[in-house]
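Paired with chain B in one complex and with chain C in the other, chain A is shared by the two complexes that follow.
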Partner chain A sequence: MEKKSLKGWLYLLPALLFLGVFMVYPLVDVFIYSFEEGYNSASQTFFGTGIYNYRYVLRDPYFLQALKNTFILVVITVPLSTGLALLISVGLSSIRKLRNLFQTVFFLPYVTNTLAVGLVFMILFKQTPYTDGLANLILGLFGAGPIDFIGGPYWAKMFVLCFYTVWVVMPFKILVLTSALASVDETYYNAARVDGASRWRIFSRITLPMISPTLFYLIITGFIGAFKAYSDAVALFGTDLNASEMNTIVGYIYDMLYGNSGGYPSYASAAAIVLFAIVLTITVINLLVSRKHVHY
Partner chain B sequence: MKVTLQNLTKKYPGRGKGPKTEVIAANDLNFEIPDGKLIGLLGPSGCGKSTTLNLLSGLQTPTSGRIFFGDEDVTDLPPQERGVGLVFQNYALYPHLTVRQNILFPLQNLKGAARLSKEVMEEKALEAARLVQIDGLMERKPAELSGGQQQRVAIARALVKMPRILLLDEPLSNLDARLRLQTREEIRRIQRETKITTVFVTHDQEEAMSISDQIVVMKDGVIQQIGRPQEVYDEPINLFVAKFLGTPPINVFMGRVKNQRLYIGDADVLEAPGVADQPVWAAVRPEGFILEKDGPLACALTGVEVMGRDITVVATHPDCENTAIRAIISAENQVDAGAHTVRFALKPHKVFLFDRDAGARLL
Partner chain C sequence: MTKRNNKETARKTVVYALLGLWALMVLFPFYWMVLTSVKSYSAYNAEYVPKLFTLSPTLQNYADAFTQVPLADYFVNTLIFTLATTAIMLVVTVLAAFAFSRLDFPGKDLAFTGFLALMMIPTELVIITNFVTVTDLNLRNSFWGLILPSVTSVFYIYLLKENFAQIPDELYYAAKVDGCSDFRYLTRVMIPICRPTIVTITILKVIECWNSYVWPRLITDDEDYFLVSNGIQTIRESGFGRENIPAMMAAVVVISLPLIVLFLIFRNKIMEGVSRGGTKG
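On to the complex of A and B.
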């Protein structure tokens, strides 16, 4: 028995080593930094220990703005992108003609560079001295006035950010859901039809439960991904996100480390731990909910 | 419910171009299933029996022809409106639902006036479960059941809404040999109790023979013969049917009719009244052999299998199509296993003569 477990640990050693060095150690380190006031990574010094960093971060208006932005982003984009992806993949699996074409079209954003896509969105939404942008051109057709989506009111900027995020994360979800739908055995549908089930009932009682593990996977990773959003905001609004009120938590952490106001690893660590706590909580809630609703 | 198939044809488009590649899975089927009977659709794989079943269930639509349930033309009705119960080969139980939920599912789909109260649904589900003796397993998931139990759940689910007809697609093929015997008796019992017209598809002739009121033998989308199992066994209409029914299989000899006598090799084995002179297939059921010292048919003896009640004599003959002739005779006979040849006489009513080219029955 002793020998056997020793062998087991031996096999696990490489993985444990890497996980330890690159995941556990940094995590613990960040946790420690977050309690060390004014930590300086160059001189490895700090003034004292305590919860001052947390107190600072949680009162910092920039952090609160980032927190608010991130939450809005999560609450809007995760259900929207998952729901739309489900709708589109169900649509895709029920057509024959042009299916491959549509699949390619929907998957295109996934293989396109984030910054390049951001550039395209800028062209769509940005106002310049020469043009109001394509979006405003279309709005103008309906008689709505030009809106500055990039430099204008908060809700307009948030709209663009959410729009962009949904558009970027959807392809992967569509891909995964389409294959999940395809893997449901045809005979279940046949059985349900013979049993007299309507289309809606087949979808809600057979299809949805059958793909629920995949759906749940997408929701969890969607939440985590949205909480970690950063590059999307940069692609749209540039690097000075605090000025444009469009910062996210990860953006805040980055700024605290390297940005113009950077050089505060203690604050960054505290913010990172707050983010970690939020993601952990949400994921645990997700898991608890899923246990009731995800089948087998 | 009487079921009538009228000129029912199903063609699948071929993969290549042109009409030649299209596959005719069911070719001009005409037959009537009397009310309350158990019908076995029998044939080798690819003979169109499953297609026929799917046409009855409505999962596939015929290329031409009509289907009637009683006097109602159901050809254009979708499966959900036909009121059929279908047991799939792999049972197709919904894995995320318990046995109870699986059985309830068809009832919960009922709409409007047909909709039952919750209590009645539960009661009906329990009743169906009792009929197939799984009422103790109601809260289990399909994955927690054995193959035989899953099979019963599938039958209960098909029966719970009191279907007009019950369809079973290879219902026993996923069960082991012993369970198969038991389950086929069970299917027979359930069918007798519910008196629902039942069609079941199988490639196993023994299965079909043992429980069907009537069997329909199919080949290449064409019905070969319809009749009571014993009838079809005793009077096969062509060589295919003769070969398909019976275990051990029928022994087929290359023979010749001359002057109304049947010759196998040079031996004059039997009279063949009314058959013109021609080469024929002479098919002899295993029980059609009589051990006789100076019998006309001499075969090389290769072995004797004693099975208690009867003896199987295994032999070979140069004109026999089968790799080995199997003759079943009563155990009261004495066979010298060391002998090189064994001589048989034939029972006339166990010998069938078929046309050499088309395989049509001559006698």
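On to the complex of A and C.
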């Protein structure tokens, strides 16, 4: 047994080393950082401990802007993408012809580089001296405006950000929902059909309750993912997100850490912990709600 | 009966129209990127109303993408980063999964619970200290600085451990009787049996590495170490001069292509793996 015990830990050693150095230690450290006031990364000194970092961050207009942006993004994209994915998955499972083709196409955005494809969205929406862009051309057909979606009014920019975010998160949701729908036992449907239940009734009374655990899983991971939005915004609006009023909480953390306004790991830590607290709260609320409504 | 058939046809039509519409939404950006990348610079800028096709495609933009900006370097860097990170991840993951599924040692349950708890820790929380650690180790602008913090994926250890645990114990005892060592049993029996899961993990990690942006951006400001995501961002902000959109799109095509090819080859594996353990969204 003695020899065996050593052996077990030996096999585990590489993983423990990596996790220890790059996950456990930082996890402790981030809390310490967040309470060290006036930390200077060059001299590694600080002059006190307290909650000043949190107060600073919570009053910083850039952080409040980032908070607002992130909340708007979450509130719009999570219900929209989940609902749309449900609609598409139900459609997908009701057909046989072309189903594989559609599934493959729908999954494509998952394997693409967010930064790279974001550039394509940018040129589709951007208004330049040379062209109004394709999005504005389509708007023009309805007699609406040209609007600069990338450098223009706040809501136009927010619209593009939400649009791109939904585009990026859809593949995962469609995939998970289609496999959930496929795993519902066929006998329930047959029994309902024998009883002459309508399509809508079958969907709302059988399908929806059966896939409700998956649906809630997607909503929870959707919330978590949307709160951490960052790369999508960079792809569309460039790295200086504060200037374009499109920063997110995660963007704020990185800006505090590094870049033109960087060098403040303490503020970054405080902001990261605020983000973590928000995500944790929302997840707990989600879990409580799902316990009430998930049917089995 | 015909009435019912009509209704059925109408329903089918609506479903196909909906799916077709979303397929169009997904494919259009890809079409636009390829289309723009083969339009010549002057032709593109002369189109106030962008054309939906081109009659005189050119490959000049691809030549520009490789000569005017160090796209090939970004590409090679990403390849090195992806291969090294994935390889180290595989070794670490296989060993840890083996320990958890096959070996007995004191503190095993506690260690496993600890691992599971770590799955819930968001990167954003630990990245700050990692940034400081790597800076202090003088590993900024180096491949080790890029690779080391990107290696561990607790979730993959969990996934592989579950798969390893499904191998019947009898196999292990039979191998023991034949005098097979633990390590030999791992490499000759367990890894071959669980190859599908290992392949899935590998592909998911490759996708993750190829697209990673945040950590590389923090840890490299020397262009010699830029990965494709940072590269494309640099190209966008200063590369060809802001207005050379066709060349930019050529770079985007080049960057996107490897993963799309990988996806088309391993379609089923990737989709199965992601539905089991992917998170993005």
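What to note about this one:
We adopt the following convention: the second predicted complex is superposed on the first by the 269 of 296 C-alpha atoms of A that agree within 3 Å, B and C clash if a C-alpha of one lies under 4 Å from a C-alpha of the other, contacts with A are read in each partner's own complex, and residues count from 1 in each chain.
One rule holds in what follows: a contact is a pair of C-beta atoms (placed from the backbone, for glycine too) under 8 Å apart; a residue touches a chain by one contact, two chains touch by 3 or more.
Predicted model only: the values in this text are computed from it and were never measured.
Superposition of the two complexes onto chain A shows chain B and chain C fitting side by side, with no clash.
In the superposition on chain A, contact of A:Pro209 is made with chain B only, not with chain C. By the document's definition of touching, of the two partners only chain C reaches A:Leu12; chain B does not.
Shared-chain residue A:Ala191: touches chain B; no touch with chain C.
In the superposition on chain A, A:His293 contacts neither chain B nor chain C. In the superposed pair of complexes, A:Arg201 makes contact with chain B only, with no contact to chain C.
When chain A is checked against chain B and against chain C, the one touching more of its residues turns out to be C.
Between the C-alpha centres of chain B and chain C, as seen from that of chain A in the superposed arrangement, lies an angle of 80 degrees, given as a multiple of 10. By the touch criterion stated above, A:Arg55 is placed in contact with neither chain B nor chain C. Minimum Cα-Cα distance between chain B and chain C in the superposed model: 7 Å.
On chain A, the patch touched by chain B and the patch touched by chain C do not overlap at any residue. Within the complex, the chain A residues that touch chain B are 185, 187-188, 190-198, 201, 205-206, 209-210, 212, 295-296. Contact residues on chain A toward chain C in their complex (touch as defined above): 4-9, 11-12, 14-15, 18-19, 21-27, 29-30, 33, 41, 81, 87-88, 91-92, 94-95, 98, 102-117, 119-121, 123-124, 128, 130-134, 137, 167-173, 175-176, 179, 221-222, 224-225, 228, 230-231, 234, 238-239, 250, 253-254, 257-258, 265, 268-269, 272-273, 275-276, 279. Listed in rising order, the residues of chain B touching chain A in the complex are 57-59, 78-82, 84-86, 88, 90, 92, 94-97, 105-106, 108-111, 141, 143, 157, 161.
Contact residues of chain C toward chain A in the complex are 12, 15-16, 18-19, 22-23, 25-27, 29-30, 32-33, 36, 45, 47-50, 91-93, 95-96, 98-100, 103-106, 108, 111, 115, 118, 121-122, 124-133, 148-149, 151-152, 154, 157, 182, 207, 210-211, 213-214, 217-218, 228-229, 232-233, 236-237, 243, 245, 248-249, 251-252, 255-256, 259-260, 262-264, 267, 270-271, 274-275, 278-281.
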